[in-house]
Each structure stands twice: as structure tokens, then as C-alpha cells.
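Okay, structure first, notes after.
Chain lettering (A, B, C, D and E) follows the sequence in which the chains are written, and residue indices restart at 1 in each chain.
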Amino acid sequence: EDSLYIPLLTYRTGAFAGSGIPIADGMHDYFKMLNARDGGIGGVKIVTEECETGYTAQKGVECYEATKAKGALVYNPWSTGITLALIPKATQEKIPVLSMAYGLSAAAMGKSFPWVFNPPLTYWDGLSVAIKYVGDKTGGLDKLKGKTIGFIYLDAPYGKEPIPLLEGLAKDYGFKVAKYPVPADKMQDQSSQWLNVQQDNPDWMIMWGWGAMNPTAVKEAAKVGFPMDKFIGVWWSGSEDDARPAGPGGKGYLTLNFTATGADFPAVQDIVKHVFDKGNSSVKEKSKIGEVNYNKGVYNSVLMAEAIRTAQKITGKKAINAADMRLGLEALEISEARFKEIGLGGFAAPVKVTCEDHSGAHAVYLQQWNGTKWVKASDWITPMKDKVRPLLEKDASDYTTKNAPWPARSEECPKS
Amino acid sequence: MSDPILAVNNIEVIYDHVILVLKGVSLTVPKGGIVAILGANGAGKTTTLKAISNLLHAERGEVTKGDILFKGEAVQDRSPNELVRRGCIQVMEGRHCFGHLTVEENLLTGAFTRTDGRAAIRADLEKVYGFFPRLKVRRQSQAGYTSGGEQQMVAIGRALMSRPDMILLDEPSMGLAPQIVEEIFEIVRRLNASEGVSFLLAEQNTNVALRYATYGYILESGRVVLDGDAKALRENEDVKEFYLGVAAAGRKSFKDVKHYKRRKRWLA
Amino acid sequence: MFYREAGQFKTGYADDMAVFPIRQDRIGIAVILAIAYVAVPMFGSPFFVSTIMIPMLILTMAAIGLNILTGYAGLISLGTGAFMGVGAYACFKLATAFPDVNVLVWVLASGFFSAAVGVVFGLPSLRIKGLYLAVATLAAQFFLQWCFVRVGWLTNYSSSGSIEAARRSLLGVQITGPGASETARYLCVLTLLVALTWIASNIVRGRIGRKWMMVRDMDIAAELMGVRLLPTKLLAFAVSSYFCGVAGAMLLFFHYGSMESIAFNIELSFQVLFMVIIGGLGSMIGSYLGAGFIAALPVVIKFAPQILGIELPSAVVDQVTVMIIGGLIIFFLIVEPHGFARLWQIGKQKLRVWPFPY
Amino acid sequence: MVLVEPFARMATNPAFLIQVIWEGFVSGVLYALIALGFVLIFKASGVFNFAQGIMVVFAALTLVGLHEAGVPAWVAVALALVVMYVLAVGVERIVLRPLVNQPDIILLMATIGLTRVLVGFGELVFGGEPKVMIASELGIPSGVWRIPLFDRVVVIKLIDLTAAIVAIVMVGGLAFFFSRTRIGRALRAVADDHQAALSVGISLEQIWVIVWFAAGLVALVTGIMWGARSDVSFALEIIALKALPVLILGGFTSVPGAIVGGLIIGIGEKIGEIYWGRLIGGGIESWLAYMIALLFLLFRPQGLFGEKIIERV
Amino acid sequence: MAFVDTGRKTGPKPIAAGEVLLEVEGISLAFGGVKALNSISFDIRKGEVRAIIGPNGAGKTSMLNVINGFYHPQHGRITYRGELRRRQRPDTAAAQGISRTFQNVALFKGLTTLDNIMAGRALKMNVGFFWQCLRFGPALTEEIEHRRKVEEIIDFLEIEHIRKVPVGKLPYGLKKRVELGRALAQEPELLLLDEPMAGMNLEEKEDMSRFILDVREQFGTTIALIEHDMGVVMDISDRVVVLDYGRKIADGTPDEVQKNQDVIDAYLGVQH
């Protein structure tokens, strides 16, 4: 019987499990809902297989090797490290990698990385939005001159990814950057970093954190009395579990986000109805459905599902293969109307992926913790494409020369 | 012979699942007796003692056949400390002092199983110092830094501190000055006579051992090849020649040992 | 009955000192080599070769390295992961700086860099012993890992901080980088491992190995017999780190293809240490058996339910795998603290005296 | 510049220096708590218990897990202690008893194996999500003191203060309990020579259960304190590694050594990181502690308070 | 006996039998409060068996440790082969031809008997690292050559049957014998034996005595011997020095010493 096989690389164990579990649940539940409600996509059932990576590259590669032969349509590594390890392999073996708003920023250059996709935006886009927001609050980007922006980040490829752009922007707008790396084994003890913050007294703080690093940072920021409404986290630092432990002290903390929070969407309600209420979800409490990271998982599955639909439309096949999937991803477009159609109106900004741009640099908004939940704190803001694009191009060409001979793109760009 | 305090019946011991070391050893120690196990290197004396005190387990050895009765009860499956509590303690070959503890602390560990109060333990401590004045001098130094002989005294003194009914002594004379050897055996005799402590000792120094023991077993390659009253053993020709060094022609000098070997009769 | 040395006479010391003095052993090793070189690439599935065999063989190399240090010279190290990292980063730098030289040369050369680093971190071993030394090597572990992250030059200033294996070939066959077939990579790894195992076993059986073991068993006596401790220990650090470094380079070039510093973390150090202990300290065969157990078993357990068609949540599988591995480690330590190597010996011993026990 | 600038910074902002030292002091105290668990077990059995870190996590998770299941906070503490006791007995029965008289490294490996078992088991039972420590239910104050000093403020979290006090009380109590008593002596005897300890009738079983339980108790306290500062998750296990330099600095066998070592490392690495670390790229905390310890070791191979290594022939 | 090179160089100045080989003068050594040695002087002549006796803790082992450089005395001078010896590292004593056995057997537990004795030759093997890696050519030749010598020692000590047994498992008496073998493998000029016969039965003591005398006879090795068995000491030694808690109380032939009242009081106790 036909099926759509999608391995899901997840982590429910290890130091980052706290972030990994809701994401894994969200990804699963959306597919389960599609299977239960619609009988799959285009009449073909989705078969998922979860493979535990523990956020380590080694296990991630094992998972990839173990599942690729079963006709995997696409991989979601959910770790920048695993993404980096899979990019050359998957490119060679022609299986798409979907690294949703994480991974290698340069993968947005579809010409160089035909098999890697990172919609809706890259870390560099995200950072540029954060700076835009800061500029806005300061009264214009030109007012940033002489200010200090602190950057606290997980000392790993993930956390370091935005630094080149941050330093570039600092030069452009004349602000200073103070960097505070947090080593993985120090995630839960950041007193040094925050002492430094206290000493440098930056005007703004930006955070690229994950897992246990986030709540600790928010707590510490509250402790040293850093103004929380000048503390901006990336979208991976903005879950309820990140802000809640700080108690009232966390009030005002801001993060970027590209998905809506809450369960008030028909599709999410369908998940509750078709999956959770039937006892088919591994979510333990209903209140967890609709939380930030859960919705990220859902969004990741929405992207895959929509790409599959697109691929089915393009190829006319019901049971597509990895190459078809790539076509679908490259032609992926979810308009506002389409979001509404699938029961997710207002859930996220419209997405459009093209051959040239595998991420699309779509808009994000800022959310703010009000002490008990996240509330929207800004409109959708679009990234500074003009600043990001050249960097992406340079980085992509660096990557391909360093890995020469990098296989040239053999697939035609779809006519648009 | 009075009631045996210890009876070992036909035990077999295997190390590491493959090395068979004791091949059916039986012996008894009467209450209030001093029994010696004699035998060449590697005969299995130490193994026998460890089998009795249940320390084999820590060396990956096990008793696979036979049984061991202490005061009439089978003790193979008892833990070593249980046995000490019942009154049987071993002084291990090669001293085994607690190097980082002082001499006095070493002695006090011997009293671990006792519950009769500090005063009694103090009194016994003084008694041990009485036996070994040298230890009193060195009481505050770490045992690891004492000389070989001093460590041997510590080991024996430590065992005495548990007020045992029976002591298994493994090569008590090794490395001790002749004077001390005599002293130690005198102490053995004294304890035996005044407090009725029974002894089972493994010894190489046959000469002394047979002078103090009441009964002896000779072990070779894991088997008892000869046993008898100490006196009878002392008179045995083979024992005389091989263990006591007094052949018919009188004691021969170490200088003149010739490069030949007469076969022991029991090996024939 | 089948495993007897009776009737095989040695006619010279050289014979007696051979690695495999018994004919059955020699036949056995020939069969194993034949399987490794012919059967595995021919019949092994790509998953088996690439996910089980390759990492297993590479980690065997690391285990041999650590075994030289810990098993033969008696110096405990928890810095293996970082020493492997040094090899990987060195090989990455060399291979990108001199792309025209064959990559195998660089893999072998990278070991010298970690040997040098190993010697530096081995210096405290003169004063510090046992577990204290283990902690000193942790300093190496964390310091080196920090360097991998902080020194941009090591990664050629890659923005992601990861290093990649370039595409290189040997005799026209691509052996490294994306697209290298698992068979090609496997054969390279296997050949390097066999060659270096041979060298390692030569070293440990000769004068140098004996000195290491002297220092391990009783350093004071060794010193009083004229062995100079510091050079001997440092040599052990150097040789050991060399093997670890080569293993690290192989891990990058023949297995992952792309790595970040975190891959060389303390977990890796522990993993290799496990292999050495479970396999048997001071035994070459032990390194193989231990690596097979620790590297391959988790993969097997993890994918076993899948292969058997049992549905279990992946997290549960992982948690249970972790538990089973932990439990088995304890179990094997209890059954035989001297590791598989000793079990192997006892097994042979039993075969030798079979059918009569003892 | 590397020599002058940091001191200049210290001098120009003394309030901040005090803040740095206080932070160092608090983390030092917490390192010391973990180290204490190690010391207890090492002292008593010569076992280098790598599982101490996961025991901290495990104890804390049990506590929070029980509370989540509806058990009142203090009852949960009592039950968590029972669980730690059962763990101690289990470890003794299953792991230690069969490994009597084995070399250190084997026992070390066994405890690493134990770590794996506990990690797997803990995640299976409690799940991988971080949990919030029930600090307020246990009456741990959560406020902040802001002390004005040199026209700046020094911030002291009450939880940190509590942690420091608890740790010091704990160390004092344990030092009292284990020193110079019959049990204390037996502990050290066991550490020296298992077999000889057996031969004089010391019950290894009893001793081991006692120390593992004591270590479990320390783990629970540590878990509560650390958990209240950040949250309770498996990431916490990693900090156990931080206790290692503390241990070697203080000496594996010394209770006061654990405290002094903890403070030296805690304060040393804070000052190093804040005043020097950034000059060379930051994040040096990950290895500075080990380097400090290594430096001390070169001069005192047995650590500050450790027992002298006996070398004789 | 073939395993000793007769043509071996014995250092700067060959010492004839009967001349003083080693002389210690006014050696004092204290550990904290413990005075292990207190101004001890004596000499050892080439080719003799020199016994050192004394009660437990008298400082005999410490004396040997001083002689081979493991302990450094606070006072005193040591002259070896006519040369005043400076404070030295322990490993140089071995190079100068002093080797020893230990009171608490210090064999390499994990090695077989054969390897333990081969270990004794560590200093004499020097083929480079490269050949060692290949175990071929010079490395193999060297290994075989030394193996041959070691086999001779094994024959001499009659321990053929335990050649391949790890020494950790040997009974005590055999361990002592292996240790002697290891010391012999160093081809020493001066052999220090610390209680070589402790824990042996009569038969084994006889064997050991025979080995010691044979060694002396056949290679002219000088022997310093610590032993508590007076029978052995009196029979095989040429001269005896008696220590008592750090002091020297007697020095002379066995007969003289045996009759010395101080010695009887301090050490021998009742005569037997």
C-alpha cells in the first residue's frame, strides 16, 4: 500500500529534552491528525518513525543511515550540529533536509544547496529583526551609535551562527557588541556571564539559547536587575518553560517568534479532537497543546504536509519520493488564504520558497511574557534582506569552495 | 580429643573457575588446641585459611565441595564479619595493615565487632601494648610507614583486639626477628593456656611451629599428605630432613647443601 | 579437543615469541581477516557497514590507543575525546592546506600532532598518580575542547564552527567526503587499523611495552631497576595519543564527514574508556572486543525493536538502551573485572583441557 | 596589560568585586556539596562514585515528582529519602558486593555504568522535561537583598544565602559524625584495604549502605539547592564534573577539603572568568577549575588535605 | 655460568676481590621524629656475603634504600668503587651495577615470570623505537639474544615450569625466587637482598642459600643480605653488621657477632 514515509529525528532525552519533547509531540500530532481526519495527504497515509538523537550529531547520523533506505522523504534534524552533518550526505544522496529556522543560514541559497531548506527565515534574518526592533525602540537605527548590545549565546555552532552578521551590523550602525558565551556544561550556572553583564551594563541583551540555558538566563537577568523589556531572545528561547521559572521577575522578557501561541485554531482543535482525546498523543496535559514549542512542531509538520501536497500537484503522483518532495519544497507557498483553509488562519506569516531562496526571509513578530503567558508585542517585522543576502551569498560560496568539489546543482529551477 | 571448635571436611577450592587448588582437605582443631598446617610454598595453606574465614570470595575463589563447621555450625555461607562476631578471626599473610591509619587506629579497628564498651577495649589495647612494647612507641605513626616486623605485630595485635575464641594465623613468623618470633609464639601459648583461645596456624618455620603446636598437618599440592601429633611429626624422618633440617647426621650447614634432592616418601 | 597445542613444538625463541604461537590461532586470524576484507563488504548492508562496522573499527583504534596508556602503562586518562579531536582538527587543517597530498598521509600524520599535545598533558604524570591523574587529563579534555571552539583558525574560521572532510580519492576511488562509498571508507579504515594494530602489538611486546608495564605494576621497583619514569610515561602518552589522534582523524574523514567540537566531548572519552575496561586492560584483543561491545551494541539494541517490528516509542527505546548498556557494563565488570580478554583466555583454557574440567 | 588591567578594574569597582566573590562563594559552596557526596563514598570505600551527579538529579526529580503526584512537600522529602535509602541498599547488593577487592578503576567504571542506568531509569519514569523545584513549598526564601555598598548595590539572593548556610551545617554535621568514631575509623580502614577490613570483621555491607545513604542525603540537599537556583533537569548531571577539580584540590578523603577546595575553585574561577577570561575569549570557566586544581597538585600530589601517598619498598 | 659477560666493563676502576667495593660513613637518616639510621658506618668488600641483621624496625631496609639511592640520608658519605657518590636518582644506581630484591615482594604483578626477568634487562636493551614498531631486524635479534640469557637464569633458578605464569598468582616462595632472577638479570656487581628467605620452608631456604652462594662463586658478585634466619646468616655470610634501632652495635665475623652480648640482648634472645 502507498504511504508517505517520514522519519522524525527527535530528542526526548538528554540535556535538551525539555525543548525537544513538545516539538516532537507537535510534529507527530499534526500528522496523526491528518491521518485520522483526512486519511493522510491526498489519500495517502503518512507513516512516521521517530528516531531518538539526544541532540547529538553522532546519533543523528545513525538515525539518518538507519532510515534513509526506507524511502525517507525528508529529514528534520532539529539540531544545527546534525544539520551540518547531514547537509553533505543528504545532498549527495538526494534527500531533502528541512531545517526550519535553524541550521546553516547559507543553506537559504538554493542554487548552492538544492536539497536543503530553512524556511521561514534564517538566524541572520532573525537577528536583523531583533536589531530593527531595538533601533525602533531607541528611535531609529541611526540612534544605535555608541550603544552596547550584549549577545549571550550557547557556545555551539547554533549559538555562534548569528555572530558574523551581528558584528557586521555593529560596524554599520556604530554600536558595540559584548559577547557572553555559555558553554554547554554551564547552561545551568550562568552567574559569570551575568556578572559580566552587570559590569558592562549593555543597553540591550539578545539571546541565542536552547534547552536549560533559557530559564537560567531569564532568572539570572531578573536577579541582576537587567530591564527585562530590553532582553530579546531568539524564537528558540521563547517557550513557556523558559520564562515561567523566573516567576514575576521574568515579566517583560521579549522573544522573536514566527508561530502563534495558543490552541485557538481549528486545526489545533482538530488535533485535540482526533488525537489527544482519543488518547493517541504523547502529550500528558491538554494545556501543553498550543504552547510555543508544541506549535513549532506543528508548524514544521505543516510545512512538510504542504510541500507534499505541492509535490503531488506538480508530479501528479500520490505516493511521492524524495526527489518529488524536493520539488514540492522548492515550490512551497502558503498564503494567508491557504493558512486559513487548513485551519491555521493567523498562525504564521505567509511562506514562499523559491529556487533562489530556500528560506524566504519571512516575517517574525515579538512576543512578551506577561508573567503568566506570552502576548504579542509587535507586528510582523520583515528582516533586513539587504544586509543578510550578501552575507548569505558569501557564506554559501565559502562553504562550497571549502568542500570542493561540491556537487553542482543538477536540478532545473521550476519555471515560475 | 575434646570437641572440635573447627572442622574442615574434605573441601575443594577453585580460583577463577578453572584453577583447582585444594583437592579434598580435611582437618580439625580441637577446642583449646594449637594446630599447625605445614607445607611448601603454594601447597595451599593460605587458601585453606581463607576458605575457613570466607575471604576467598574477594579473590574470586570458591569452595566447591565439602563443608566447614565452626563451633558445630556450617559457616561456608556466612560473611567474614559474621564469623569474627562468632569468635574466629584471621591474621592475613603479608600483614595487610591499614596504611593510612595510625598503629593505634589499626588496633582499634580490630575491636569493630565488639560491643562491650570502651573501657574493656582500652584495657585490651593496653594488653596488646604489653605484648608488643614496640607498638606503643610507634602508636601515633601511620602504619604504612612502619617496618615490616612492626606491621606484623600490628596485624596480630589487631586480631587480638576482637577477643577471639579462635585465631587463624597465616605465617606469623615471616619477616620477624628470632626474638620476636619466640615472643609471638609465647603469646600464642599464653593466650591458649590462660584464655583458651584455639589456634590454627600456617607456618613455614616448622621448627618453632612444631614446638608450640599440639597437632600438625602437612599439606602438599592441595592435599593433606601427613598428619599427627606434633611430637610424632617431629620424630618423622621425612619431616626431620625436609622441614627441620636435621638429618640422621645432625644439622647440616646451609653452606654445604648439595645440588641433589631425595624424594619425599609420601610422594612415592 | 579442537584447540590443542600438543604436538606443536617450538624450535626457537622467535617461534615462541610469535603473536600467535598456536596453529589454530593463526588459522583463526586468517579466517577473520578474510571475513573482514571480503565477506563484510560483499554481504554487509550499507547500514551495517557504515553505521556499525566503520565507527566500531575507528573506535577500536582509539581503544588501542587508550589501552596503551591505561592498560599497559597504568595511567588513567579521561582526555581521549580531546586527543582524538586534536587528530581530527590537525587532519582537517592539513588536508585543506595541502590538498594535493594523499589524504591517507595526512590521517597518519595528524596522529603526530595529538602525540605532541599528549606529551604536554602527560607532563604532570610524573608527580600525579591514579585518579588524580585522571582529573589532570580532564583539564586537557576541557581545555582542548575550549580551543576547538575558540580558536577560529582551527576551523578555517567557519561560521558554524564545524569541520568537514574534503572529497579526496585514492587510486581514482573516492574515499573521503560526501559521496565516498561505504565500502571504500570501510576498507581504508580496516587497513589502517590492521596495520596500526600490528605496530601496537609489536611495541607492547618488546622492550618499550615491558617498560610501560613495569611502571604500571610497580613504579618504584621499575625506577630502582634503572627505568627513567618520565621519559617512559611520556612515550606512553605520545604513542597512545598518536593512536587516538589517528582515530579522531578517521572519525572525521571516514565516518561523519562533518563534525563540531562537541563531538569530542567527555562522553567520547568515557565511551573509549569503557571499551578498554570492558574489553580488558592491557590486551589488544580486548580493545577489539570492548569496542565491538560498546560501539555496536547500542546501535543494535536501538534498532532491534524496529527490525523485529515491535513498536516502541523511540524515547523509551533510547532510555531502555541506556539502561541496558549501563546494566551490562556493571554485569560484565562483576562477571569478569578483567574484561572480555580474560573471558576469552578462560574460554581457551577450558577448550584446551576439554573434555576434562580442571 | 593582562597583568594590570584586571586589578585596575577590581580597584575601581570594589562593590562589584564583592559581588563577584559572593557569586564565587555560592557556587563554591554548591560545588562543595557535590564534592562532599564524592568524599563520603570515597573515604568509606575507596570508590570514586561517578554517579553522584545523577544521584543529585534523581533525588531532586523524585522529590518534585512525588510532589506533583500530590504528596505534601515535607512528606515527599521523607519519601525521597526512603528512595535514596533503597538505592543505597540496591547499589550495595547489586554492584558493590560482587566487586569487593577490585581495583579502583573497575569500581569507577561500575559507577559510570550505574550513572547510565539511573539516567535511563530517571528519564523513563520522570520524563525528560525540566521541572520546577518546589522551593517555596519547602519554605526556602526566594527574595533578593540589595545591599548598597560604595554607592552601588550588591545583590544577594536569599536562596543563595540559604544554600550556603545549609551546606556549611551539613558539612559540619557529617564531619562530626564521621570523625573519630568507631564507624569513622572503619570507613577509613575499608578504603585502605577491603580484604583486611573484612578479615577484622568490619561489615562492608553495613558501612557501604551507611555511606551511600549519606551520599544520597547529600544528593537530595544538593538537588534542592541547585534545583531552586535554576530548575531540575538532566542537564544538572553535568555539574558533577565540576566537583572533580574541587575534589582533587581538597584531597579525595577530606571533608573540610571539599569545602575549602570548593571555595577556592568557586571564587577562583569566578574571578578568573570575570577579570581575565574575556581577555582571551571568555568561557574559560570550563577548564580554569581543572587548571587551578592541576597547579595545586603539582605541589601537593595528594591535594590540600588529602592523605599522603605512601611510597615505600 | 654463561649468562654473565666476563668481558663486561665494571666502570672506571676494576675492583679486585677483597678490596672495599662500597663504603658508608656516618650515615644518618630520620623520618620526622623517627631516627631510622644514626651515624652508621661499615664497608662491603668485593666478593663477600655481607649480612645486615637487627631487630624489626632497626633500619636495615632503610640502609639498603640509602645504598641504592631511594632514600637520601641527611648526613654521611657513600663511596662506591672508590668514587664518592653524590646525591643521585634511584635509576642511576641500577646503571652502576647495584640491583636488589625487596622485602615486600615488588614484582611486576601483571607480567609473567619470563617478562619479569626480561624486565631486569631493560637497561641493557636499546634498539630504537622504529625497529621496535616493526619488531624486526635488530629489534628481534636483540630480543632473542636477551631471551637466551634470561632462559639461562630461569634454568639456573629452576623455575622453568612457571615461565609463562603471571607472577601475581605465584606462591610467595617462588615470587622471591623470581625476584632474585630479575635482580640477576641486571648482571649486578653488588646485589642487595632484603629478606630473601622470609616465608620459606627449610627446603626452599636451602635452595636459596645454594643460589646465593653459586651466584657469588660463579660471577664474583658481591652480596649484601638482610635475613632473620640466624642459621642461614651464620652459615653463609662472611661478615655481619648488626643494627639496633638506628645504631650499629656490632660488626664482625658470624662467630664474633654471635657471641657479642649486646647482640644477644637486642636481637637473638635465647640461643637455640
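Keep this in mind: contacts are C-beta pairs under 8 Å (C-beta built on N, C-alpha and C of every residue); 3 or more make two chains touch, one makes a residue touch a chain.
This structure is a prediction, so every number in the text was calculated from the model and none was measured.
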Count of contact steps on the shortest path from subunit A to subunit C: 1
Reference subunit C; chain at largest CA-centroid distance: B
Distance from the mean Cα position of subunit E to that of subunit B, given in whole angstrom: 29
Cα-centroid distance, subunit A relative to subunit D, in whole angstrom: 37
Whole-Å gap between the CA centroids of subunit A and subunit B: 74
Whole-Å separation of chain centres (CA-atom averages), subunit B against subunit C: 47
Touching two or more other chains - residues of subunit B: 19, 145
Subunit A residues counted as touching two or more neighbouring chains: 12-13, 155, 181, 183-184
Residues of subunit C engaged with two or more neighbouring chains: 146, 149, 220-221, 224, 315, 319, 322
Interfacial residue positions of subunit A with respect to subunit D in the complex: 11-18, 20-21, 155, 179-189, 191-192, 195-196, 198-199, 211-212, 215-216, 219, 223-225, 241, 244-245, 247, 284
Complex interface listing, subunit B residues touching subunit C: 14, 16-20
Contact set on subunit E toward subunit C in their complex: 68-70, 89-95, 99-100, 102, 106-111, 115, 118-120, 122-123, 125-127, 129, 132-135, 139-140, 142-144, 147-148, 151, 182, 186
Interfacial residue positions of subunit C with respect to subunit D in the complex: 70, 76, 124, 127-132, 135-136, 138-139, 142-143, 145-146, 149-150, 220-221, 224, 266, 270, 273-274, 277-278, 281, 315-316, 319-330, 333-334, 337
Residue ranges of subunit A touching subunit C (in the complex, touch as defined): 10, 12-13, 49-52, 54, 56-58, 61-62, 65-66, 69, 80-81, 84-85, 87-89, 91-92, 104-105, 155-157, 160-161, 163-164, 181, 183-184, 282, 395, 398, 402-405, 407
